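These notes open a run of structures that come right after.
Both complexes shown next keep chain A, but they swap its partner, so chain B is in the first and chain C is in the second.
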Partner chain A sequence: MSAVLELTGVRAGYGRIEVLHGVDLDVPEGSLTALLGPNGAGKSTLLKTVAGLVRATSGHVHLSGVHVNGAAPGALARAGLVTVPEGRAVFPNLTVEENLRLMTYGGRREAAVRETAFGRFPRLAERRRSLAGSLSGGEQQMLALTRALVADPVVLLVDELSMGLAPMVVAELYDVLAGLADDGVTVLAVEQFAATVLAVADHAAVLVHGRIAAAGPPRRIGADLAELYLGGAA
Partner chain B sequence: MDSFLTYTVLGLVSGAGYAVAAGGLVVTYATSRIFNIGHGAVGMVMAFLFWELSAGRGLPAWAAVALVVLVVAPLCGALAERTVLRDLGEAPSDVALVVTVALMVALLGLAQTLWPPKPRPVSPFFEGHGFHLGSAFVGAHDLLTVAAGLLVAAGLSVLLRFTRTGAAMRATVHDPGLLALFGGRPAWTTSLSWAIGASLAALSGILLTPVVQLDYYGLTLLVISAYSAAMLGRLTSLPMTYLGALALGLLQSYTVGYLPTSGAFTGLRPAIPALFLFAVLVFLRSPQARLGRLRGAAGVAVASSRRAAPWAAVFVVAAAVAAAALPAEQALVVALGVVYGIVMLSMVLLNGYGGQVSLAQLTFAGVGAVVAARWASGSVLSLVAAAVVAAAVGALVALPALRLHGLYLALATLAFGQLMDKVVFQADFAFGYNGALDVRRLTVLGVRFGTEKAYLVLSAVVFALVGAGLLALRRGPYGRLVLALRDSETACATLGLNARLARVVLFAASAGIAGLAGALMGGLRQSVSASDFMVFNSLPLLLLAVACGVTSVTGAALGGAALAWLPKLQAQFPAAGGLLFLVVGVAAVALRSEPNGIAGWVFRFGRETVAARWTRLSGGPSPDAEPVDVGPVEAVGHAPR
Partner chain C sequence: MKHEHGTRRRGRTRCRTGRTGRTVRRGVGRVAAAGGAVAVAWSVCPLQPVHAAPKDLGGWTLSGSASPLSILIYDKAIPVPADPQVEINFTYAGVTMQSGSAQAVSSALWPGTTIAEGLPQLIKSDKAAWPAWARAAAPGGPAKASKDPGMAAAARDRHATAATEGGPPRDSLGTLNLGTTSVPLPDLAGMIGFRGLACSADGTVTGTSAGAAVSATMPKSSLFGGLVTIDRVTARAAASSDARHGTATGSAAYRGLKVLGQDVTISDSGDVRVGGKPFLPGDQKKTLADLGFTFQRGGVKRTVDGAHATAAATGPKIVWDTRPLRAALDGPLELLKQTMSPQDLKDLGFLFDLAPKIVIVLGNTTADATAAPPIDAGGLPGSPPSPDGAAPVSAPDAQPDVRLPQVAGGAPATAPAAAFGGLPGALVAGGVVAAFAAAWGLRRFDAAMFPGGTCASGHPVGVPDLRGRR
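Presenting the complex of A and B:
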């Protein structure tokens, strides 16, 4: 299995504050890789760097072998990188249908987008004319994930899918991600809520203080997690 | 009945014109959260450009319209967005407001430079064509305007509701980064919306020109009507905006037709749009302030009284020296600068400390001038009365406007200023219709301040006293409350602080200071008229205050001096004319990166020089560990998301 997403020695941060101090990470093709780590480890910054929202100050980001440092987020999105950022990645002031309409930048027709969305998440069909801001947290996250379903992504980045959601909903959403990975999509999921994601992940990596502290099969990582978080690996 | 039909047609036509302008406002606001005060000025400049192309350069009317509305205006709108307006929606609302005011003033300056005042008759399109509806004649131009109004409302609704571009336009205001992740182009989308906005402003300007003629201020102020219509639609609903525009057009037309042409109602007619705006603002529930959001802004160090006192003394002594050295007419200019500085002190309190923008600060000064002229003229009591009455008026404005925030409050003050211009100041108990008032110079404790020179010293003393008072206020509990309210009203509410009272006091105190300045100005000039206090003159005042530093007393002094000198410079170099205001507008825009204006730079420079000298003298780091020397606090609201 070759790595679709490859980070070598990536340093990035905000202004003078460096958050990532040289991250090396390979995400194999068609896998669901969990990126774990304590608060402030730099997980979200790592995703933002890959997505083009934060620019790496040094090191390299390769997507399918292409060097993408400094590429604009929109260009990356149109090239097949789907990012579902932290929080609810929907537009609360637009209706569900209008949110779906904005998912057609990937090239799918609006009718096809709706069909996929409503087929996979029937609850969205019931609320198609509601403002996305008025949906429940779970429904909003479903709407956000719809983009990953319809965009036909090469790589999917998901940040904190579980935030503020009931465990049952989280499990359902991770099943969707696992299904995508089975279809050949490369998924990198940042998560704090380790148990659920490790149950479905193919690989796992732990980010501590801006560096990858460990990477390997989910079971082994799960066992070492406490030690890694508390700084045993440092 | 016959005249009723005529007035109805007239009202519908101007209403349709307003609707076009209001549609542009709503589109830009919905996509960028910036309410463009300069929207009308864009329409004004474009109407002049249209005149230039069609009447001046002989282009056929249709070609000129197409060129202006479809090419020049959109390009200018997009350019303005790219250069000055980008990301302003995220800035504190007073910054965004001031920048669009700067745009407006700059455009006014531009128009007056490019097209110096002279009569420019404009005839309607297809003049003479039309049909009779009963006894009313409906011109082809009228039909065109109504059709344009309908088309714009329908077209914008379709764009925003049913197209992906429209959805993207509304999405980008919420989170441009997320739109980029969706694969959209947020930068392009925002530029597009400003292009559409400018284009609609141009169209409304061109369509309404035959109604109001080519007039810098008339066309610019037409948007007050557009503002009120857009407000009626809460800046989001296009159908409501359209209906509001029509209603306003009709209301205006009927008042022109049926109100008596003499007596108390004379002044009311031109003030209808302002009244309407004020009513809409006060009676409609204004949208909730964005909750849970910190709006920190970098302030300057507040000088302790031990530090401020020597500077105040230096200021007064310098004024005295200037008074002794300068000829009378120069002393007048300097004194005027100091008086303007006092008006700017009122803005330091309201805007610099309180974060509220008033677009009619000179109006309060006007109130003060009227009081000083009418009551106890020549005695100190007149100054006190001027301040008290102006403060009372300020409180009266603040009371109905209590529920308003930022933008809405600023618009309410604009409407208020407009109302005072047209109605109150023209009344017999004020300046009288196009009249002027004589103000006697002061006699304090038997000392008569009979000359400009004496007034220069007097104004400097008042400035120093007010400035010191402001600093004391800022350091005290009330100052902390005002600053806290500015940063987070929600947090203040959870602490049980009385925001309403604080806000009314803030407004009243600020108006009082302005009134005091007005009284001084009256005495200095000996004759004042309503035109000295026109609401339009408040705008350069606001801009200069912000550009020079609205957060500090030093900034007020600098701003006052600049405001007094600008017209002099303009008189000496007429060619520069409106260009000066253009420069001021641009400066205000450019300085948005330094919220403390020129004064902020001065302070920084001073600190650095002093620190460098200390290092040189003592061979070590500066021992100056006074707590006042903290640098600008990083703005909390601007932290990366």
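Presenting the complex of A and C:
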């Protein structure tokens, strides 16, 4: 199984503050890989670095064998690297349908967008005339995921899908991500709370203080998690 | 860990021409083009035939050192009284032997004898220690020493070996302990993108001869973000003495040298050529010059003076004068600034004025040997080892210029610390860190400067066609 996304010795941060202190991480093709870690560990920074939003000061980000440090975020997105950022990027004052229509902006057919949305998330069909701001957190997240899916991702980066959501909804969303991975999409999912994502993930890694503290099968990582978080805090 | 000294010490028997005397077969011995790769090799035959020797030697002094990748930094602003001011060897093996004593050193990252061995005296602190080395010595021990990653050394009375493999590890090599303060050595992964560096050094004394043999190998590597790539570099040097005559041999070869993506050779005068023609029309040539890069071909140097022999063999050298690109060092130096205390900042202010000339030697080997006849065999010719036991070493060139020192990599037999009256630890640390910063600076132009090239680990730079591969 080859790594479609490979980070080697990646350092990155904001101005003078270095957040990632040499991250080594392999994300195998067609896998759902969970990236766990406590608050402030640098998980979001890692995703931004891969997406080209934060530039690595050293090390290598290799995407499908190509060194992408310094590549423009837009170019990466067009190539198939799609991000679902932390928090829900939906337009609250537009209805679900209007939100979907905006997703045709990249030249997608509206029918295809609706099929993606309603096929994956039947609840969105039920709420299609509601304002997005009035949706539950889970439904908003479904809408946000739809935006990523219509972009036809090859590599999908997801930041804290579960934030503020009930466990049931989170499980449902992760089932969708697992299904995508089964279809060959490479998914890197950042989570602070581990149980749900570990249940469906193929691989897991733990980021603590800007370094990968452990990586391996989800079951093993899950068992060691408390220790890893605490060990990192010590 | 492989110890290959058995074959190397007899390297001279492989010299096919059988020529002796003063003729030196030097320069391009063989040029073979295969699959776009250009192979260039030098080799040198021994100057002297092997003579009968007395039954046992009266005394000997020998040394050898090898590193596949040396970075020598010349900048008078660095207050380390050595020339070059700082060196960093990525993987190093060295042996030194004198009648009755032997030492072998293996290091994944070697800052030169001056700093590594002299550190405690240099800054007058017993606790000071260079972290990344294994050292064996006889007498006194330890007879064997090893350390991860890939460092091993062994020393007995008449046999010393060091072998180092793998190159610097991904993680930090540890902490440079300066007694009162300690300096973490930076993580090297981001600086140097190669694996599989290897080198070895061997010193052997028999009843009839004393010899040092060293070798260094650098596998496929990419430097300066793909500006320079090379498939392989090997360098070997051997020197031996039977107390009457010295013998020096060496060879250096490289394969598949590419500059800016083109197969090139380097001429005697340092011209980079493509298929015999001058390299690079217009733009790219100017690019190289603007960046401050020049090349030297390397080769074998040897001297035999009676019973004393010296050999130095190096692969290509890349000289980078950072003045045109001084700004490239700002980033690393700025980061450095943030980690320093106000006092250190005061001591190390010089760092921020650095514009070093950096010489990168791919394959850097030297060997030196001399032996004296047995006392009771009086009347035999040959020069005895110098009275202080140190091997004679040519004075280093005082000019921090394009010319390289004859014996790069230092002469381990010289007493390093004695040369200093004691320096503040911060200054020494500063020099070392400056070298790292410079090495790091090397890596800062990759994607931006050469968007069509490869990164330091050889991957193409750009944006992949993710959908195309489905």
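Here is the rule we use: the second predicted complex is superposed on the first by the 218 of 234 C-alpha atoms of A that agree within 3 Å, B and C clash if a C-alpha of one lies under 4 Å from a C-alpha of the other, contacts with A are read in each partner's own complex, and residues count from 1 in each chain.
By definition in this document, a contact is a pair of C-beta atoms (placed from the backbone, for glycine too) under 8 Å apart; a residue touches a chain by one contact, two chains touch by 3 or more.
All of these numbers come straight from a predicted model, not from anything done at the bench.
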item: Touching partner for A:152 - first (chain B), second (chain C), both, neither; value: second
item: Chain B versus chain C as contact partner of A:184, first or second or both or neither; value: second
item: Which of chain B and chain C A:108 touches, first, second, both or neither; value: neither
item: Contacts of A:22 with chain B and chain C, given as first, second, both or neither; value: second
item: First (chain B), second (chain C), both or neither touched by A:14; value: first
item: Contacts of A:209 with chain B and chain C, given as first, second, both or neither; value: neither
item: Touched partner set for A:64, first chain B, second chain C, both or neither; value: second
item: When both partners are placed on the shared chain, which of chain B and chain C touches more of chain A; value: C
item: Interface residues of chain A shared between complexes with chain B and chain C; value: 72
item: Of chain A, residues touching chain B in the complex; value: 14, 51, 53, 72-74, 77-78, 82-83, 85, 89, 91-94, 98-99, 101-106, 110, 147, 151
item: Complex contact set, residues of chain C against chain A; value: 170-171, 187, 189-191, 193, 331, 334-335, 338, 440, 443, 446-448, 454-457, 459-467, 469-470
item: Contacting residues of chain A [partner chain C, same complex]; value: 4, 8-11, 16, 18, 21-22, 24, 57-60, 62-72, 75-76, 79-81, 152, 154-155, 184
item: In the complex with chain A, residue positions of chain B that touch it; value: 164, 167-168, 170-171, 173-175, 177-186, 640
